[in-house]
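Below: a set of structures, written as structure tokens.
Two complexes follow with chain A in common, the first pairing it with chain B and the second with chain C.
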Partner chain A sequence: MPDIQETFTLPNGRRRYLKQAIFRFLTWGAVILCIAFLILLLGRMIVQGVHSFYHYQIILPVHIDMTKTDIKDPYSPSQMDLKIASYSPLIQDALITKVSSARSYTDKKQIFKFVSPEAAFQLRDYVLDNAQNIGTIERFAFDVASDVESYIKYYRDDLQTYNFENRELKTLLEHPATNLQKGYGVFITKGSFRKFIPEMPCQKEKKADKDVIMCDIGMTDKTFFIRVSQAYAKVNKIIFTKEGLETIYTTLMTPFEAALVNEIKNWSILKYDIPEARRKLGDLSLVTVEKFLHDGTLRSKLPNIPFFTNADSRNAEQAGIAGAFIGSVMTLIVCLICALPVGVAAAVYLEEFAPQNALTEFFEVNINNLASVPSIIYGLLGLALLLNFFELPRSSPLVGGIVLGIMSLPVMIISTRTALRTVPNATRDAALALGATKVQTFFDHTLPASIPGIMTGAVLSLSRAIGETAPLLLIGMVAFISDIPQNIADTATVLPVQIFLWTENPEIGYIERTAATIIVLLFLMVALNGCAIYLRNKFEQKY
Partner chain B sequence: MAVQSICGTNLNRNINMKQDIKISAQDVNVYYGEKHALHHISIDIPAKSVTALIGPSGCGKSSFLRCLNRMNDTITKCRVTGKIIVADTDVNSSKIDPVAVRRKIGMVFQKPNPFPKSVYDNVAYGPRIHSMTRNKKELDAIIEDSLSKAGLWNEVKNNLKQIATTLSGGQQQRLCIARTIAIKPDIILMDEPCSALDPIATAKIEELISQLKDHYTVVIVTHSMSQAQRLADHTAFFHMGDLIEFDKTENIFNSPKHNKTKDYISGRYG
Partner chain C sequence: MFEIIFCFMTAFLSGAIIYGIVQKKRYKGQAFPCTSLQYGLFSGLLATLFSIAGLILYAALSSDFSPNNEDIAFFYAALLCGSVFCSALFTPLTYNVRLLNEGLFRFVIFIAASFAFFVTIGIILSLVTETFLFFEKYPFYDFVFGLEWSPQIALREDQQGASGKFGMIPLLTGTLLITSIALTVAIPLGLGSALYLCEFAHSATRRKIKPILEILAGIPTVVYGFFAAITVAPFIKNIGTDLGLYVSSESALAAGLVMGIMIVPYISSLSDDVIHAVPQALRDGSSALGATQMETALKIVLPTAFPGIVSAFVLGFSRAIGETMIVLMAAGLAGRMSFNPLESVTTFTVQIGTLLTGDQEFDSVKTLSAFALGSALFVTTLILNIFAVRMIRKYREKYA
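Then we have the complex of A and B:
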């Protein structure tokens, strides 16, 4: 009798299980790698794109004073005059009222740049609709210019704040009244700036028989501000004495009367590591952003409505995806209208009616070949045939949809044939044996049973078409288009092409919009695929 | 009879010729592409009776059955020659519309194949496409009649809306028979109707078939010799594409003339 132990020992068992373990590990690794890439991609997109879903608005009371504009007859303006008037002076006045310390030309220019150039049109549209409000003061929420917006979103984190409580700061402002203007102020404190000495080029000097250290901030690449409640002063020079006293020479950036108590206990140092010359925003803008954020003049708004309702724009803060989205939808509808009936009909003929001979076999092979033709070839076809021969409108969803439709046809035919093949022959036989004709059998039984498969195939080929860029580049859908298309013959662009266009733009506002558009496109595709799964489950029949 | 004498053995000599001949196949050949599947079959199937076709797998009995209502037309590369005379008409002629043939010669398949629709719609489909009824009342009457004849009425009458595929296998097959009866055919062809069913369901179907022969001519392909014995009035034995023997069932099983028949019914092969 053989040993039981031996009977149930697998020959080469260890080796075989080792192989199995290695193989399992490799396949598991492949799955993990795929998931890791996916998470990396999605994470990157979300981190970058999330800033595009909110934006900043600036709340301004604007005095609608037409005498300030270039209008001919400001007291009884005609509708035409109101239309062509320049409204920027009104907005500029409103800004200057807010930032009273901006007196010089360069300061004013900085402040004017807070508001998007679109604001003037927004104001114009308001005045055209509400002429009775001319002369009154109205509150508006304007979009913030993209430079300011991207500073708040991305660079303001670099502004470090050091708060002091119960540390004395003396002011040596001699003429408070005159210092309401942009002027100079001197402060004295003790041991507050000492820790920054290593970061500054300082030199020892003898002053009044004392050894002092003098640091000229203007020579460094740092920017320091002193903040007392909401009054700001830019630090120019600091003199450290041995006793620890620090004399700070500053330029006052905002009116300082609020701080004109002699003994200031609570105050802050703000430090920014990039000097003014290398920033898009000047010192005054930085300070103004802080003030505006504090008093609510600047506020963030979720969602970023212009991003979803505007078409492309040369101003990043105004650029939106509505144009591309509508273009995509139109293109898809044209694509569906072109591809679905033709594709399904061709598949039905090949699957249900065609005789099996060399010719149909030739067709079948070539349809399969067409499915693997690079999509840009279809773009060339569209260019040569639709644009040059039929002279259809360039850059239009019509042509784009036809090209994508032709591109989707082979896939549509293949998926429809697969769907038809899943209908059991027993069902067809049952109908035929009852005396139904082929057409009755098809419409009464085969088609209803294969509808979920056909729909799934159609939706999946649509979701391939929606992400297609290459063929559209060749038919001119790659132009900058700042209008939302009204019909399928208008010039338009589509979401993936919009992404392609924005990636060429180095401005940070466009970068975040690119990422946000990718998120929107991904959501759209997930929605389409979810739709396919839903359709399949809903209409699935069991045999 | 002239045709039969040309094309080989006259196998019909033992049939009581007083009985009406419903189907008369004359020199029927079936080819699947190059393959010659049925050779020169000539057979006269009597009316209002059950005729069983038996034989080992691949002997061509199903192919022959499908010839009778032109179902072989749906198979590409299948070619049928010869004459199949039903009511003085050659239904195998290319001039005859196969749809019209199937309208009169119904078929029940091996595997129950109800449409994935309600029980009602399954039975109603035939009458509807042939516009057999003028109103819903008539249609309802046909449906009740067909389901009753198929012995299914009592089981489904309370829930005609249920999806047919939720029925049990035996019920599905009886539904398929009801569906076939609903278009009022003359002949019902059955291709191993019980092979996918359990013994109880099989017994019900068999009972049903023996009732059906009062009104219809039934031709049934079966693998079960006991079933053929129980049901059939006549039995034909096919082997390798040839019709070996065709006689009254008791003659086939009790005194087969041919050695191959004897071997087969005694279970030596097949």
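Then we have the complex of A and C:
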């Protein structure tokens, strides 16, 4: 038999084992790839979502001076007038008091955008409750507007700081371009800006018979600030001279008393790589953020309470998941009420009572087919049957729950049947032999033994229903709803639909909230699954 | 309040009359001759009759009667109460209480079991009626073979391109493109991990890894959609732009890749089951002849489990074409006949989702077309599932 001899010679055998090793490695790689994807997905959600669990607040002393508002009778206002008055002027005054350098209209507009539009309502609610405090100055913690908040959270890292200790910065008060009233200042320093020359469009010029390099910062896409102990100046133009001296023409962004000292030892250059036109925050805002963070006016707060107590909002910083969460809970309750009794009863019939005939087989095939119908088809069913035929309220947890209930019915039936099947026939036979009827056997023996299994199945199918989105889109739960639903006929949305809605919004404040909502949703699912595992382990009986 | 009293009165009356009939029969010396089913039907029928009578009376008495939801609810409540009262009065009188109760119980759970059937009927009816309405307004031939999908509706009569075009071929190609990308990812990964878990891994490793793969199946699809839209699509776009290719920001590739990962657990767990069911004797025989594990896996196990594995693929395919959220968030809306995975295409589910979200009048061609798409989707997945289940059953009969 020469063939077999040939097959089993060593090189060939080695090649076969090499192939085996490669194949094994490939299959192992498939598993690792899946796990890696899972880790990537969860990691990405956590990295993005974690920013949503803290937020920034701005601490402002507000003078509650009703004469500044548009109220009719500011000295003895009625409750109704207090309710409809516009409180934003008070907040704007408070902001302007903080940032005294904002003089022009555009500057003021920038600063007004620091506080969330909802702050006026917060102030109104305070005044309505504490009418005796009208006329006094009170400290408030307002939510920061989302543009400012996302700048602090994401983009502030791009602001590079170069600290100079013991390098002199002189203020040229006598320079013709200096005008403290109009906010122009000229400084002179030695060699600090030289390293930025490659980043700036500079021209060689002859000035007073000297070769100088003139750099106009306004032409670049960079922004430079000079900081002298919390006083800021924006660099407009630098002139480098041969001796290494730099004359810096600036716009003063904050009151510059500190710089009036002629020679400053400790100061910094701040560089930001995006020009003002392409930023959401203007130069004054950047400087103000730095100042506020330094003096504690802006501070981060760890549990982001609005995120957990508000419903959806058009302002990212006010958007929360409470509405969607309550909607989800209501929908799940309706779903459970619909699916559990019917599902369990159907499973009991098919497993314990059904005769072996064509009808039973038809039912079984039907249930298996229903289990694999795409979920969006259930949405079509809900739309045509529940909304248009029965005219149930659109966008309500009631309809959502019924649709999800119908959808999870096959799963419920299948899992209950599995649970009933684990009860050994010996138990049933023993009961029947003692003269119990089939129904008595079921209620007294089979059901108690299988309840843990049934509950596990129910919880698992709930955890599937909680993440379901597609059918709910079709029955209108996709609307923008800024109120927390009060009952099951209210318009509502649910957590996964909220995720879908926020994903369509490109604002970074919404993206981080989406990721955070995903974390909450996954956490709920883990909790439900943990609950199911606990039930199974606690009550499981081995036969 | 009046309704409730009325309802109880009706129910009590119906119960009392049955009681009277039974008593009379008893005096004559005969038990009420009925089986449990007949009993239930009989008392229900009586209650219904009385409720209808009550309803007519109520309508005659009340001045502004219009059959609205409240009246119907009231009618059903009367019906229910009537039945309950009847059984409460009737039960102690019958000669075999136990059998009657059990019959009632069996009847109730039978109804529950047939509820799933009613759901199927409901789905079919709602799809079929709307689809027929659609084909009344739009020709069938143009829908099935039309090459253009642009479901806009004219605001004015004389508008350009006033009539929408509802040809489903672009959607079909889009669906097939995304699904084939998904299967290209899912089949090697799913089958590979199933082979690893069944043929190579220790049982301890297997027990640790299987639940991790099942987590992938448990993650809501909207999360996959978010990941595809926010992370994968920009990533692919960046890479493509670096390579000098034009990549749409809603590329079929991103949606397909993520959908592929989503289907992996389905394919892997189904293949895992069928591979596990291959008799150990076949493996042992192969090993005894000197085959390596790989040769056993590829030449013995896979051919044996082939029908089951194919049905796993088919089920994965059917899940992929019915998947909504990933494509809704990561694939585009433009109906484009393209097999370029870097362009944006659209699918059946995306169109159903977008046509029916938001407020629309229900009888427009646009809305009805979504139901026609739904019917196509339903029929396709149904055929695929029946095929897969048949195959898997044949395989089971052979080996398990």
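Rule of thumb we're sticking to: the second predicted complex is superposed on the first by the 508 of 543 C-alpha atoms of A that agree within 3 Å, B and C clash if a C-alpha of one lies under 4 Å from a C-alpha of the other, contacts with A are read in each partner's own complex, and residues count from 1 in each chain.
Criterion: contacts are C-beta pairs under 8 Å (C-beta built on N, C-alpha and C of every residue); 3 or more make two chains touch, one makes a residue touch a chain.
Quick caveat: nothing in here was measured; it's all calculated off a predicted structure.
Undergrad: Using the superposition on chain A, tell me whether chain B and chain C clash or fit.
TA: On the shared chain A, the partners fit.
Undergrad: Touch check for A:A426: first (chain B), second (chain C), both, or neither?
TA: The first partner, chain B, only.
Undergrad: Looking at the overlay, what does A:L172 touch: chain B (first), chain C (second), both, or neither?
TA: neither
Undergrad: Check the residue A:Q356 against both partner chains and state whether it touches chain B (first), chain C (second), both, or neither.
TA: first
Undergrad: In the superposed model, does chain B or chain C contact more residues of chain A?
TA: Looking at chain B versus chain C, the one contacting more residues of chain A is C.
Undergrad: Touch test for A:A449: chain B only (first), chain C only (second), both, or neither?
TA: First partner only, chain B.
Undergrad: For A:T437, is the partner it touches chain B (first), chain C (second), both, or none of the two (neither)?
TA: In the superposition, A:T437 contacts both chain B and chain C.
Undergrad: Touch check for A:I511: first (chain B), second (chain C), both, or neither?
TA: Touch partner of A:I511: chain C, not chain B.
Undergrad: To the nearest 10 degrees, give me the chain B-chain A-chain C angle using C-alpha centres.
TA: It works out to roughly 40 degrees.
Undergrad: In the superposition on the shared chain, how near does any CA atom of chain B get to one of chain C? Answer in angstrom.
TA: Scanning every C-alpha pair, the shortest chain B to chain C distance is 10 Å.
Undergrad: Where on chain A do chain B and chain C both make contact?
TA: Touching chain B in the first complex and chain C in the second, residues 437 of chain A appear in both lists.
Undergrad: Flag every residue of chain C that touches chain A in the complex, lowest number first.
TA: 69, 98, 101-102, 105-106, 108-110, 112-117, 119-120, 122-123, 126-127, 129-130, 188-193, 195-197, 199-200, 209, 212-213, 215-216, 218-227, 229-231, 261, 264-265, 268, 290, 292-295, 297-298, 315, 318-319, 321-325, 328-329, 349, 352-353, 356-359, 362, 370-371, 374, 377-378, 381-382, 385-386, 389
Undergrad: For the complex, give me every residue of chain B touching chain A.
TA: 69, 71, 74, 76-77, 99-100, 102-103, 106-107, 109, 111, 113-116, 125-126, 129-130, 165, 176, 179-180, 183
Undergrad: Taking the touch rule as given, give the residues of chain A at its contact with chain B in the complex, in rising order.
TA: 355-356, 424, 426-437, 440, 444-445, 449, 541-543
Undergrad: Flag every residue of chain A that touches chain C in the complex, lowest number first.
TA: Going through chain A, the ones touching chain C are 8, 16-17, 19-20, 23-24, 26-31, 33-35, 37-38, 41, 44-45, 48, 341-343, 345-346, 348-350, 353-354, 362-363, 365-370, 372-381, 383-385, 388, 391, 406, 409-410, 413, 437-439, 463-464, 466-470, 473-474, 476, 478, 496-497, 499-500, 503, 511, 514-515, 518, 521-522, 525, 529.
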